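The two complexes that follow have subunit A in common; it is paired with subunit B in the first and with subunit C in the second.
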Partner chain A sequence: MLEAKNLMVFFENALAINDLSIEVKREEIVGVLGPNSAGKTTLMNTISGLIIDIKIKEERRGGERITVMGELWFEGEEMLHSKPSYRIRKGIALSRERHPIFPDSSVEENLRISTYLRKDPEVQKSFEFVYGIFPPLRELRKRKAGFCSGGEQQMLSVGMALMTRPKLLLLDEPLLGLSPMMQRFLIEAIRRIRKEGIAVLVAEQFARPLLPSLDRGYVIENGMLSFQGTGQELRDNPEVRASFVGV
Partner chain B sequence: MAEGEKYRKERLDRGIKARSDTIYVLASSRDLLYLLMPRALPVALLILLPILLHGTYWEKVLFYSCIFGLLALSWDFMNSVGLVSLGQALFFGAGAYFAGALNHYLGWPIFLTIPAGTIGGALICTALLVPVVRLRGVYFSIVTLILPLLFAHLIETLEILGGTHGLLSLSAYPSGWIAIYLAVGALLLALFGFRKILDEDFGMILRGIRDDDRVVMAAGVNIYWYKAQSIFLAAAVGSFAGALMTHYYQFVGRSVLALDYTILPLAAVVLGGPGSFAGAALGSFILVPLSEALRAMGGLRMALYGLILIGALAALPEGIFHYLQRRYHQFERMVKV
Partner chain C sequence: MEIIIYGITNSISLALMAIGFSLTFGISGLPNFAHGAFYLLGGILTWIFLNQLGIPYLVAALLSILAIGAFGFFLYWGLMLRLRGLAINEVIATLAVAIVIIEVLRWMGFSGFSYVLPPFIRGSVNIGGVWVDNQRIVMVGIGAALIVVLYLFTRRTKTGLSFRAIAQNERTAIAVGIDPDWTAALSLAMGSGLAVVAGLAILPLGAIDTEMGYDILLYALAVGIIGGLESLPGALLGSFILGFSQILVATFLRAQWQTVVTLAAIVIILAIKPSGLLGKYKELEERV
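And now, the complex of A and B:
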């Protein structure tokens, strides 16, 4: 479904992603694990296309020059240089790190904003879908998103990505700053999302709660692939256990 | 890479820059020149220009450039504390009226009115703005925008300080040289002084306030006191420009509180590049002569001026100075990935 080949991303002369190849198949939950500064967020931005926007802004500001190279295939189409809006139409949606939402709009309005690109009449179905995955959001739908707790905002942020009806959902550190209970709930939700036929690519540095749910995973360090394997292989690898599970 | 033929542009610091930045050992006179040139050249040029342009119309333009340069520096300084001001005309007007009134009503000589105007104007402006330093962002800007307009109307309706006629026939400079070298000297002093201040510990707090004032507050620093101090410094520079200009014109009227003295310095900073002070000065030395050179265009002058400004901003949003600085310190080349 998604295949990235030999991705390289430079921030000026620093190599953020070095010759990275990853693959996501249909209805898979794939993890990208790595410590801080490994390049997880850059990878997510590169796949979702946000990097194109960042690149243009940096260029206009005269700041860092960002160079993106390699190949990014999504459902048989080369996407590396497409705009983020095009990628969303084609089915790649990103829920960004630290759950950015529109604090002054209500939960329901936040979800509605995400359907802006859609021209079909089935928006109501998507609302039901998101409320089905995250039941607490239904109760909160009239509340201002800024008043919601961190966990609720994270649900909302994932919900906003789901409202675009993606085929591939990218989650950047969805567990960041959440209580263990909320983490479990979110991982349950990720499984439910997969059951609905959506592939999920999760970037996370704290892998313990996530590891049992992964079909496959990539461990990256300093932008380079250091280990890859199925969920079982990751769980059995002593180094992965030591670095990301903390056992 | 599979193809093996991919190139990307690489940007590197020049060796000489890396050497002089970190090691502090100057290997040759070339290194010394590399460091000194960007500072010494503009200084030498500014000192020489009044002599070269003496007696011509462009001498006046140079004087205006310095005046607007001072206002632009004062704006840039406030901006580096996170105070976005839209009221440089307030500083300018306060200094101009203070000096003008002392000269007109009390007959003080120039060499007292200019320092008095600088300090007095700065004190008045600080007193006016201190109550609103708690406002942040656009709310502070709006207050600074309104104050000069308010005073212009007060002067008009209350017929104080000469009312609509202004204060006429103030004392002139004994010689044109004094005026122009005061302007040039003040510009250089403000330029290097502000740069120095921001490099000190004091400046570190100011920059911290701009980046995140709550963190500075959490560190136990009274940010309002620091904001007031920086307003005083910026206002002193603006008021000095006003006092200087008053005696140059030998007249002070409501026009010193006009929007021009707010907008033009701001445009100069944006064009030159904010945050470095050199950009602010450079911007006004481009904009003021440009606006004079366009006088020949007649009615189209302002339209053309606007177009040039927009064009420059679209092409170099970082500001001319930052672009030049990068070119000076870094070079680019294509490298194989």
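And now, the complex of A and C:
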């Protein structure tokens, strides 16, 4: 359903993403693994369209020149230069790195804000869906999101992305800074989200707890693809094991 | 008793002056220095509608609010869009718009006692031994209604929620589909419209004077700086502090000292708490 071909992203003359091609098929969980500054977040921003906004802001204040090249196909439509809001309507939703939620709003209000683009009457169903996947959020729904713990905010951030009713969910470092228990819970949630028919693309640095759940994965370094394969191939590759699994 | 009543009416009038400025700045970070000019222009527009075109008062008022709101909306797309993110340029551009509006109005002679908006309800009432004219009571009513309406608007409607979202975390708001430019243009339109609402509530208390264009901006800034520029509760707190201290000074010292109080308050707050008394969610961030 998602196919990125020969993506190139420049910040001035520096290459953040170099000739990267990735693919996500229906109901797959695909991982993008790589160390810090490998280009994971830039890739996520390029797919979600956030980069378009960053680019416009930089142009307006005469800052860094950002260039995006290549092809991005989502369900048969070229989307590399469309606005983020258009991509959300079409079914691509991003949960950003370090769970930046709206701290001054309640948990419920955060979720409600995320339905901004929706005009259908089934918003209530989506609330039930999100509360079903993340039961703790139901208990917390009246609390100010800024007072929630890191794990709760991460659940909320994923929940907000789900409220847009995506077909493809992009998760940028969802496990960062969580306790091992919360990590397991979140991975379990990702599996359940996939079961509901939503494809998931996860960017992650610390891959050990995630690896068993991946259908396929890409390892990127300095914006370039260094290894790709099925989940099993990734688990068996000694280099991947040494760099990202920590054995 | 006089101090309490006049303190409250003065505070509410300050809050009305500041609320539009705070709203725009709080949502999109746009410092609308043409706020005072819009206040003035809205009043004069209503006067023209009323006295030269013979339009009924209420319709004239609504028309001016909509006209200035639309002006703010197009000001964003025509001018501010090119300057977004450059704070100093935004200030210079909006101040330039303000000076053009105010000085043209001054040149056209819209000043003095012939330019008076009639009060909504004539006469006055006695509250606890103090005579208060009805317009002041109407003004307090408008102020209170506006606060309630704004509160409900930002919590119950989709557009209001998108305003809150953009104000809290712009990039996350974009990631859930909210358009930042559209929101900023709407916020500037609403802020401009609110400037006219304030003008219509306050101007009938005296004659229209072009100098007000600058004074209102100063008061809006003072209230904002005291309470925290981007927060509406802050604007409310700021206007009550400033409103009461102005009345106290006018009662026990002299009326001329009122402006000094305004400026001194800015200096003191900037020295001890630069983000204002209720500035952005600093405490919240530190706790988490």
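Keep in mind that, in the parts below, the second predicted complex is superposed on the first by the 247 of 247 C-alpha atoms of A that agree within 3 Å, B and C clash if a C-alpha of one lies under 4 Å from a C-alpha of the other, contacts with A are read in each partner's own complex, and residues count from 1 in each chain.
We take it that a contact is a pair of C-beta atoms (placed from the backbone, for glycine too) under 8 Å apart; a residue touches a chain by one contact, two chains touch by 3 or more.
Model, not experiment: these values are computed from the prediction.
Asks: Is this a clash or a fit when subunit B and subunit C both end up on subunit A?
Replies: Because the two structures are overlaid on the shared chain, the partners are seen to clash.
Asks: Quick check for you: in the superposed arrangement, does A:R60 touch first (subunit B), second (subunit C), both or neither?
Replies: both
Asks: For A:R112 in the superposed arrangement: first (subunit B), second (subunit C), both or neither?
Replies: Touch status of A:R112: second partner only.
Asks: State whether A:E12 touches subunit B only (first), subunit C only (second), both chains, or neither.
Replies: The answer is first: A:E12 touches subunit B but not subunit C.
Asks: By the touch definition at the top of the document, which applies to A:G177: first (subunit B), second (subunit C), both, or neither?
Replies: A:G177 contacts neither subunit B nor subunit C.
Asks: Does the superposition put A:G132 against subunit B (first), subunit C (second), both, or neither?
Replies: Once the two structures are laid over each other on A, A:G132 reaches no partner at all.
Asks: Applying the touch criterion given at the start, work out whether A:P212 contacts subunit B, subunit C, both or neither, answering first, second, both or neither.
Replies: neither
Asks: Name the contact category of A:S48: first (subunit B only), second (subunit C only), both, or neither.
Replies: Second partner only.
Asks: Once the two complexes are aligned on chain A, which partner has more residues of subunit A within touching range, subunit B or subunit C?
Replies: When the residues of subunit A touched by each partner are counted, C comes out ahead.
Asks: A:P103 contacts which: subunit B (first), subunit C (second), both, neither?
Replies: Second partner only, subunit C.
Asks: Choose the clashing stretch of subunit C with respect to subunit B from the list 80-88, 206-214 or 242-250.
Replies: After superposing on chain A, the clashing stretch of subunit C is 80-88.
Asks: After overlaying the two complexes on chain A, where does the subunit B footprint on subunit A coincide with the subunit C footprint?
Replies: 60-61
Asks: Spell out the residues on subunit A that touch subunit C in their complex, using ranges where they run on.
Replies: For this pair, the touching residues of subunit A are 48, 50, 53, 57, 60-61, 83-85, 88-89, 93-96, 100-105, 109, 112-114, 116-117, 144, 146-148, 160-161, 163-164.
Asks: Can you name the residues of subunit B that touch subunit A in the complex?
Replies: Residue positions touching the partner: 1-2, 6, 8-12, 316-318, 322-323, 326, 337.
Asks: Show me the residue ranges of subunit A that touch subunit B in the complex, using the header's touch definition.
Replies: That would be residues 6, 8, 10, 12-13, 60-63, 65, 67, 69 of subunit A.
Asks: Inside the complex, what are the residues of subunit C that reach subunit A?
Replies: Within the complex, subunit C touches subunit A at residues 82-86, 155, 158, 161-162, 164-165, 168-169, 171-180, 281, 284-285, 287-288.
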